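Structure first, then comments.
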Amino acid sequence: MEIRKIGIILNGVTGRMGTNQHLIRSIKAIIDQGGIRIGDDLVLMPDPILTGRNENKLRALAERTGITNVSTDLAAALADPRYPIFFDASLTLLRAGFVERAVKAGKAIYCEKPTAVKTADAVALAKLCEDAGLKNGVVQDKLWLPGLRKFRMIHEQGFFGDILSVRGEFGYWVFTGHHYDQPAQRPSWNYRDEDGGGIIIDMLCHWRYVIDHCFGKVTGVSCLGATHIPERIDENGQPYACTADDSAYATFQCENGVVCHFNSSWNTRVRRDDLLTMQVDGTKGSALVGLRKCWVQSSAGTPRPVWNPDIDQPIDFFGGWQEVPDHQVYDNAFKIQWEQFIRHVALDEPFPYSLMEGAKGVQLAEAGITSWKERRWVDLEPLR
Amino acid sequence: MEIRKIGIILNGVTGRMGTNQHLIRSIKAIIDQGGIRIGDDLVLMPDPILTGRNENKLRALAERTGITNVSTDLAAALADPRYPIFFDASLTLLRAGFVERAVKAGKAIYCEKPTAVKTADAVALAKLCEDAGLKNGVVQDKLWLPGLRKFRMIHEQGFFGDILSVRGEFGYWVFTGHHYDQPAQRPSWNYRDEDGGGIIIDMLCHWRYVIDHCFGKVTGVSCLGATHIPERIDENGQPYACTADDSAYATFQCENGVVCHFNSSWNTRVRRDDLLTMQVDGTKGSALVGLRKCWVQSSAGTPRPVWNPDIDQPIDFFGGWQEVPDHQVYDNAFKIQWEQFIRHVALDEPFPYSLMEGAKGVQLAEAGITSWKERRWVDLEPLR
Amino acid sequence: MEIRKIGIILNGVTGRMGTNQHLIRSIKAIIDQGGIRIGDDLVLMPDPILTGRNENKLRALAERTGITNVSTDLAAALADPRYPIFFDASLTLLRAGFVERAVKAGKAIYCEKPTAVKTADAVALAKLCEDAGLKNGVVQDKLWLPGLRKFRMIHEQGFFGDILSVRGEFGYWVFTGHHYDQPAQRPSWNYRDEDGGGIIIDMLCHWRYVIDHCFGKVTGVSCLGATHIPERIDENGQPYACTADDSAYATFQCENGVVCHFNSSWNTRVRRDDLLTMQVDGTKGSALVGLRKCWVQSSAGTPRPVWNPDIDQPIDFFGGWQEVPDHQVYDNAFKIQWEQFIRHVALDEPFPYSLMEGAKGVQLAEAGITSWKERRWVDLEPLR
Amino acid sequence: MEIRKIGIILNGVTGRMGTNQHLIRSIKAIIDQGGIRIGDDLVLMPDPILTGRNENKLRALAERTGITNVSTDLAAALADPRYPIFFDASLTLLRAGFVERAVKAGKAIYCEKPTAVKTADAVALAKLCEDAGLKNGVVQDKLWLPGLRKFRMIHEQGFFGDILSVRGEFGYWVFTGHHYDQPAQRPSWNYRDEDGGGIIIDMLCHWRYVIDHCFGKVTGVSCLGATHIPERIDENGQPYACTADDSAYATFQCENGVVCHFNSSWNTRVRRDDLLTMQVDGTKGSALVGLRKCWVQSSAGTPRPVWNPDIDQPIDFFGGWQEVPDHQVYDNAFKIQWEQFIRHVALDEPFPYSLMEGAKGVQLAEAGITSWKERRWVDLEPLR
């Protein structure tokens, strides 16, 4: 049995997502499970180094996770041939700089989304990798959420007939921090445009690959952003002006005629099945897709409601749906994609979630902002 | 005790809504309860005559309801001074003609919505009444749905703080009629543009007065219509081409900054609390408003969700809401508005739901269609 | 990073409360978490010495907790400048003597409540500290119970409108010890007046600061004490006469008109949400405040009950309340106050819970006893 | 089988309580069940006449109930020997005048409580009947509430050992009427002192006979009244000043040492088992007594709680109680007492609920008001 080490530079994973999803639940979890087993003869074993600017943070993270190989000297790590993969989870506005250095060092590139806040930059980054002949990829974790996997399972079986429309709702109430013992639960930069914040740039990147893969290729967007809460309290207890959109009301058209109506908000109290829900209506059946669960109603089970507000609604509109059962223990979505990328690098297996695909997400976000500013639909051109 | 008869011409109430809501649950119910009692000394008692073109239908309706005063001679009824009120529930495209005759006869005018399919026509009809100095009104029944009354009750008490946004969902699955024993449950003209059909013209009239009265004055709309189902089966079992929109994806802006995101569809399977739900999010609390019920979550009860798709969602997102209790036996919404209109005519009490208000609904629907066709936001100008 | 040791004399913490709450869950827990972190550069690290009369008990405690620095020579500890803080959790009747010695030694004084059983003594002790210019404080742990913090969170947001009244219920069944295998679960001195026992002196100290901080400044009290159980079994299995009150029925008036009706009893079986519950009724909403949880009913959710004893009550009077969610992992209440006192001593941060504030609690307890004996309301004069 | 008619003058039963409880659920129900059957040979059949000042109201009531014998001529009814019983449910302030006339006419007297608002007047009324040798009684319906009957059932079996204390809570939220669609649900005179309103005079009359019969003879009271809501909206939509107490915080002492702590409020939101609950704690067991249900916890089932606010309370304090089962279909409480009074008049069976007993209720209420005004305990002297 060959155990092949795959060196991975993890840059900027001291943030919440980087630490929890990429380091602990992906790379460390892969190590803890004994690596990625390939047939009977080979194991791919991640060999990570954590890079960043703040040594104290890196040391604390090393202590917490047991991944003790840390360095503030990114240049040295990039120069080290033991590390063929460079992963970046730093701030969006710093991403391009790091990736460019890694490309020069000939690394395979993997990074968090959004890869940029401008489509041109995202495309340039993708082309940089392509021109250098480097393997590359971008995180599209939501494709492996158990709820979406269940959707794809039943969709592939023809459950929906023709899909007609999708209604997406994402978000929850993010506390403003103004009140005693109700601190904000998201970082303040999310609400500042000048720091790359805003829900459109954050979420429309996701909606692009989710829709493209699941429902139909997106061709156009109408989007209204809003900053409903003008002031919040920051990490130091100081009020600050919110300059970025905290809610996005978007409609997407797909080339197959499907319409997707998506609501994304950090100012909504949740009365639905999950933090993200997508209701998919098709000619033969409908589904409500959540993060982990999926409920369906087929044509056979569709009730015939009567509009009569003089009596309480006699139909239980939740009872008439059926939960799609689990068919396995669903692994962490980030980890699944990490395993695919490592196999892509090590074994040349296909990996369709390239930086150019990631650029499409940035394109949709930018088109959404244009739509908001110019108060019109914006069509998406093919990239390049 | 004086019992004063109020003669009312009910024109075109042989349709489903006209018969059920206006004749049986409103006028007949008022008669059955002993009229409208005004203080200790006066009762206003409706004295209806049913007019229409089809004598057989009228006779059948008379037999069914016990309202035996019927006529196909509308001219005679209009000429009869015993009938000061003319009500029209005929097809939209016929409305103007009937109203014009009633105006000439000096009647007080009350009618169903939409009053026209073009704003200019709706405004002209309103001005016709105003210029003739005639009292007039349009049906805006949803304002008296118990769920909306509960909303207004708590809104008036400051429950919401500042309202930020409203997410409306309306509709249900209308069967196409293609399948054995699953007949369509709505008339075919609803799906034909040439017959005045379409969900935009039907529903945006409602959303206008609901939003104007409850959330903020509407100033602009972005709307995408769709005809998701191209063919349905008509009342005679024949297939027909659907030429009207069967779904509308709309966003409304209000002058106070509130954003309303409304979905209206006849092609959706219902997984929500009611056939119409509006989630209202405010700084201090949120409500889910249904036809008869209303659920609330105040700031005090707002949970702090954590995004962790590796485990099932630990928060019950429905359990954290509280139902607003009933505070009375809620009367039929149409009947309440009928009583107000009769008091308006007989006693000069205020009645703000004029034909000009109704024209605003037509304006919003027409703007919605323009937005759809021109793929842009359409601002609403003040009428006249 | 500077780690500054803060020497603390913990006197008389061999009792249940002293050991569990002050030593283990506060001081030791602070040490175990790495001290109190102040910004990026400073850590305040408690350095405790346990003092008492019984060396064996001290050694046993040291072994159990790992805090091995113990001494029966209080005078030496007081003379040692490494210990700027003196904390006393000895019996109430011994408190003054210990504190006077610590004041002479120039220590910052922190102690358990009640600081005395007579107001004059409590005030004298407070003035002794003030005149000596020493920082001082008294335990008021209930202010940091998670349930009360949730109350303050929603109160600050205006949830209640005007608070009208508070109904407090405290207590549970303390077994008398007469029966096989049902031993008493509280020490016998609690039930002997001559040993400083009695529920009035024990609990009204708490109610003073809870009401003062949360509901309104207390101005008067009417209190009835009772010794419902005349005989109990002591720690040695011997019967003894109960000479102290085991139940207190009190009403408090506040300067803002709020009325607090509090029941405290060791002879009641619990049928309520928690061992201590306070129902707060306000014009806009009500809350039921427990030790860790808090349930609310807003005006929007207030039902309209009908008095009809001929049928079972159709309203679920518990269902119509909503639990206030957790917004953090709530730290131990004693520990939170300890951290504040240590910061007060080391960094001059404000600490409003002084010995004079503690004397107010004694004042209320003494007024309660006077009210009981003289069968009348007793008004509270400003102290000093 | 003899059917003996018992003529009963029902005076002033057009109010809510008079109509529902006395006329419909008592007298009419007795008639409908075929009278009161006495052994095998006799039936006592009520033969009511409804008297009052407003003929229209009487006629409407006759129509509604089928009791068609009505009259505005009380003098004639009193002069009619067919009516040996006079019942009065008029306003409290009118009661004495009516009773005096009926006494002169030699009727057996039965009336609603309170019989007066002053003890002297209530005693005088009782002595008037006694001196005239007339049978007399006062409504004390709560004694026959199913919940209280269950309490008496288990109490008589020795369930409680020695009763130590009782904690009573009565009331609910009475809407002020200020808000849209939330009208007040009690008459405005209840909140006006000048009209005989106030919760002390209303409820302490009840608490007197409930405590006297169930727990111990009341010997003293400390009571604090409050008018928490200063303004409400009356039946005509007009604001009015509330001059009567809307909440009462009372403590009662009994000659057997039992302490009763009772809260009565129209400004409290209900989070308890019923609109009226009394928790009775005894040495051997406790009960929670509601209107219809009763839950118990015996010594055997009493848990041993631990005070540890660092964890959620592990004991389910509601689960450890057991509901006392129904032992029969419980008849309406008013009807039961009516049957007893009719048997008392017709058959000389004992009836301990005399006007002098009723005067004790007035005495407690008046003492409660004195206690409030003079801020002291008030002892109850034996009447007469």
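By written order: A, B, C and D. Residues from 1 in each chain.
Simple rule for what comes next: contacts are C-beta pairs under 8 Å (C-beta built on N, C-alpha and C of every residue); 3 or more make two chains touch, one makes a residue touch a chain.
Just so you know, these numbers come straight off a predicted model, no measurement behind them.
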{"item": "Fitted rotation between chain B and its twin chain D in degrees, CA, nearest 5", "value": "95"}
{"item": "Centroid comparison with chain C (C-alpha atoms), farthest chain", "value": "B"}
{"item": "Centroid distance [mean C-alpha coordinates] between chain C and chain A, Å", "value": "49"}
{"item": "Interchain centroid distance [CA atoms averaged], chain C/chain D, Å", "value": "41"}
{"item": "Overlap residues in chain C, where contacts from two or more other chains coincide", "value": "153, 157, 285, 297, 299, 302-304, 321, 327"}
{"item": "Chain contact topology (line, ring, star, complete or other)", "value": "other"}
{"item": "Each pair of chains that touches, named by its two labels", "value": "A-B, A-C, B-C, B-D, C-D"}
{"item": "Complex interface listing, chain A residues touching chain C", "value": "175, 179-183"}
{"item": "Interface residues, chain C side, partner chain A - complex", "value": "149-150, 152-153, 156-157, 327-328"}
{"item": "Interface residues, chain C side, partner chain D - complex", "value": "25, 145-147, 164-165, 167, 169, 172-173, 175, 179, 182, 185, 222, 224, 226, 228-229, 247, 249, 251, 253, 257, 259, 261, 263, 265, 267-275, 279, 281, 283, 285-286, 288, 290-293, 295, 297, 299, 302-305, 307, 309-313, 315, 317-318, 321, 332-333, 375-377"}
{"item": "List of chain B residues in touch with chain C within their complex", "value": "153-154, 157-159, 284-285, 287, 296-304, 315, 320-327"}
